[in-house]
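Input: structures, listed below.
Paired with subunit B in one complex and with subunit C in the other, subunit A is shared by the two complexes that follow.
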Partner chain A sequence: MFQVLLYTQWKWSRLIVTVGTVAGFALPIVSVQGAAGAARNPLETGALLAAVQSWGALYPVLAAALGLLVAIATWAPDHRGRHVYALALPLPRWRYVLLRFGAGLSLLAAPALAVLAGALLATASATMPPGIQGYPVSLAVRFALAVVVGYAVFFAVSSGTQRTAGAILGVIGLLIIVHIIGGVAGVDLDVVGRLQGIVLGWPGPLGIFSGRWMLLDV
Partner chain B sequence: MTHAVAIQHLHYRAGKRFAIPDLTLTVPTGAIYGFLGPNGSGKTTTIRLMLGMLRPAGGTITVLGHGVPNDVPRALARIGYVPEQPHVDPTLTIDETMRFHAAFFSTWDWPWARQLAATFALDGGQPFGRLSKGEKGKLLMLLALAQRPELLVLDEPTEGLDPVVRRDLLAAIIEYVSQREATVFISSHLIHELERFCDWVAVMDDGRLAAEVPMERFKNSVKRLRIANPPRTPGDTPFVLLARESTNGRAETWIVRDWAPAMAAYFERTGSSLDDIIDLDLEEAFVEVLRAFRARNR
Partner chain C sequence: MFEGRRLLVAFWVASTPLLRGQSLERGPASSDTLAEPTRLRMRADSLLREWRRANTVADVVDSIDRARAWAASETMSVGSLRIVANPSPLPLHDAAARVWRVLDSLYGDEARHFERRPLFVVAVDPDTTVARPVVRGGLMVTWDLDADTLALLLLANLHPLDVDPALVAWLGGSLRPTVHPERQRARVYVELVTTPWAVARDCFLQNLEHCGLALDLTRLDESPESWLQNPAERRVVVSRFLSSLSRGAQARAFHDCTNNNDSACVVFLRSIPREAVPRPLTSEARKTLVDVALQLGGRDAYHRLVANPDSPMAARLAKAAGVRIDSVIARWRAVIVASRPASVALPPWGLWIAITWTVCFAACALRSSRWRVN
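And then the complex of A and B:
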């Protein structure tokens, strides 16, 4: 069962996974090479870290994009068939959902492993100033966790009906409107800021995406 | 008699406009059960309720001995289903679709699947999305049959197909039923098609069951009677009077159900005379049953 689901999911999302894997492998290498160009001697360590940090912003973006696109690709054929085929299969719905989730997650292991390989290669081949160390494994683990979180969130959202997606977007829109109206009225509601703090701050559900993503650090 | 499907006092509501208020129907094991009804009468909704795709508001559904929706996976393992609209992923080829489907059904019969693919002239490398309507219909039937189901649930399986494809599909169903003694639940509004091979017929209208009888009885018991000097009020009739139309002042045409020749005595008793008894074909019978049902429920 899992094998055929994995195969169909590969067929639907192979382009996304392939591009994500190539990007995941290239990103650490390119970031270290780009940062090395900015720091030719030990005195420029600050410039090196700043460059690594600026490249680091791309890791959560890549993780979220992969999670989003693979989640959409996972559910798209079922949505097209109005879930009739899936509902006529002789297995409990929760099991079907878990199988689909697991298949998508298995495919996302490729870009996560690519980040690990790229990060190991980049740190091994880079000449680092004294006091600077490479953190390829922790960066790759963090990337993998971010991919899992992003995929899980978008998998849950896209598993619902258009009405569900509309309700979620409606709530977000309402919060933004309340925030704007509060700003115009001079009331310091800062709804969006507070929500951002709850969602993206530690231990918020999307906290893994925020903060510094450093392949090289002190 | 055991029942492949037993629905008792089923209640379901979809929005404000459509409801199944209280549906009771039984499909005998081994029967080919034709489920007739106009578009929007609730045939597909009833099928989806039977297969656990929709959750009823009340009543009980038992399919092959399994309660639905609670025990639906075990029931679905023994059911072959052909939906009204193609539901298969259009990007998968025929071979991939078969492999995918086979993985979920332990009873899947590969040799027979290949034989059916050859009979239906299906090219395994073709993506589902590029198949003609007839080829899609054939593949869906192949998927349903090759899993060797005890119950085939077919929702308008031949809708929009040309006569040759229709004949191929119906032949495949008949062959399967004769081999396996499976039960078939087939919904359609192509009445002549069902007339040839169903042994039970149910008529659905606006979420209600207008009739559920063996096909022979349905065909033979609905008659058009020409009556001279009919009684003003029919009173207690031994048959079900579906409709009466006045042809002129002294003659009427009655459409009756559950007719038997011995019932002619009723007209002698009421001082009228039965001039002619005309057989109706299934389509005429269906229309009259539906018309009478609507008149009663107006």
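And then the complex of A and C:
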């Protein structure tokens, strides 16, 4: 059963996974371009780290995009078919959901492995100034975790009804309105800031996405 | 309060004739009979007198404010640290104990001088709609602060002990206690690795002689080639940091330098004041060197550091540490290299936190309402 679901999901999301894999492989290599001349230019070390940090902002973006698109692709055919296919299967609902979840995760392993391969190749080929080290494995593990968390978030949202999604958006909108009204009324009530801290800070659900993503660092 | 106002009014009444006299003093200065230097000196003296008077008035105003604000205050002592504060739930004692530990570790026995420098703290309601008193010469904080934050604020508002101008000039500021020395050392590590100056990078690669150069312990009459050792480095420093000095006679040398003429770079660097050239390492690095010297020297180290203000800085640091300056520098380098910041690639516990959230969201998907049968 898992193989069948994996195959169907691969058909639905192969373009996303392929593009994500290529991007994941290329990103670390592109981010260390210029490292070969680091020993010659006295200002290159700081510039190199700044460039690596700038490119590093794309890792969480790629991870979130992959999670979102694969999660949507996972549930879109079921939504279009009004879940007749799923209901026709001799499976309890929880098991069907877990199989779908597992199939999506299996497909997302490819971009994560591509980032690992690209990062290993990039650090091996770069001429690093003294004191600078490469962190290919740590970066790839973090990327994989970010992809998994992103996929889980959007998988949960996509599996719900439009009413559920509307309720989530409504709560977020309400918080923003309260924040704005509080600001206008002169009340010291930083709702959005606190919510951002909770969601994006550790140990928040999206904490894995925040902070610097450095393939090369001191 | 009434007494204070009376005093202020009395002061102004008493000072009015003096101010009138001031305007009379300026009269003859404009006459042609006085030479220019004499006129300028009189103006400078006049400004000095005005400044002193303004200071006196400010002191009076401060004393009145304090008398008003600290009417119902209490004084707390931790070591030689004195804090005057109004009654509140602030964790002042905990914060003061932390501050005193930092002061004592930096200044040693000299920290006793803080007895004469009490800190004034006014705790106010954190509710921003409640009116707050006007306080001058004191630190206003909300009473919901925790001990750590309060300790940081107290340390930031402490007046550092008076030190000689030579130490301040070399250090690039007053010698202040460091709240998070490990973070400061980590920043210096990053600086040592990423600095454009070759002497600093050589220092990282265990060239202790170049550490002395990078830390500005050698005399300022060294040639620019000793600071900026390779042509690319000189060109980069001149073009990026010294473009504001490319005027007049130096414009040609600056232009040639930026066009890869190294001899022009040397000429340009020799033509400008040495102080204009940015130092290889920041004041934070020099501060960590002082910290290392003080730690090596024990409780009397600070006293020895400030005992001979006319000595070269290297000698002062060596005397404070009680060892040769080479040993101080070697120890400093070892401390900095050992302070390499942790990698940011994967935060600690990140793996388990991410897995936990993944399981949570997967469980949410299992509980989706889509297939729920009512």
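Operating definition for what follows: the second predicted complex is superposed on the first by the 208 of 218 C-alpha atoms of A that agree within 3 Å, B and C clash if a C-alpha of one lies under 4 Å from a C-alpha of the other, contacts with A are read in each partner's own complex, and residues count from 1 in each chain.
Everything that follows uses one rule, which is that contacts are C-beta pairs under 8 Å (C-beta built on N, C-alpha and C of every residue); 3 or more make two chains touch, one makes a residue touch a chain.
Source: prediction; values computed, not measured.
J.: Go through the superposed model and pick first if A:84 touches only subunit B, second if only subunit C, both, or neither.
T.: After superposing on A, A:84 lies in contact with subunit B but is clear of subunit C.
J.: Where does A:149 make contact in the superposed view: on subunit B (first), on subunit C (second), on both, or on neither?
T.: second
J.: Considering only the touch criterion stated at the top, classify A:23 as touching first (subunit B), second (subunit C), both, or neither.
T.: In the superposition, A:23 touches no partner, neither subunit B nor subunit C.
J.: Between subunit B (first) and subunit C (second), which does A:8 come into contact with in this model arrangement: first, second, both, or neither?
T.: Once the two structures are laid over each other on A, A:8 reaches subunit B alone.
J.: Of the two partner chains, subunit B (first) and subunit C (second), which one does A:92 touch, if any: first, second, both, or neither?
T.: Only subunit B is touched by A:92; subunit C is not.
J.: Counting residues of subunit A in contact, which comes out ahead: subunit B or subunit C?
T.: Per-residue touch count on subunit A favours C.
J.: Shared contact residues on subunit A for subunit B and subunit C?
T.: Subunit A residues touching both partners: 87.
J.: Which part of subunit A faces subunit B closely enough to touch in the complex?
T.: Touch list, subunit A to subunit B: 1, 3-4, 7-8, 11-12, 77, 80-82, 84-85, 87-92.
J.: Name, in rising order, each residue of subunit C that touches subunit A in their complex.
T.: 128-129, 189-190, 192-198, 201, 204-205, 230, 232-233, 236, 240, 340-341, 343-347, 349-351, 353-355, 357-358, 360-362, 364-366, 368-371
J.: List the residues on subunit A that touch subunit C in their complex, please.
T.: 40-43, 45-46, 49, 83, 87, 93-94, 97-98, 101, 129-133, 135, 138-139, 141-142, 145-146, 148-149, 152-153, 155-156, 159-161, 163-164, 186-188, 202-203, 205, 207-208, 211-215, 217-218
J.: For the complex, give me every residue of subunit B touching subunit A.
T.: By the definition above, subunit B touches subunit A via 51-53, 73-77, 79, 81, 83, 85-92, 96, 99-100, 103-105.
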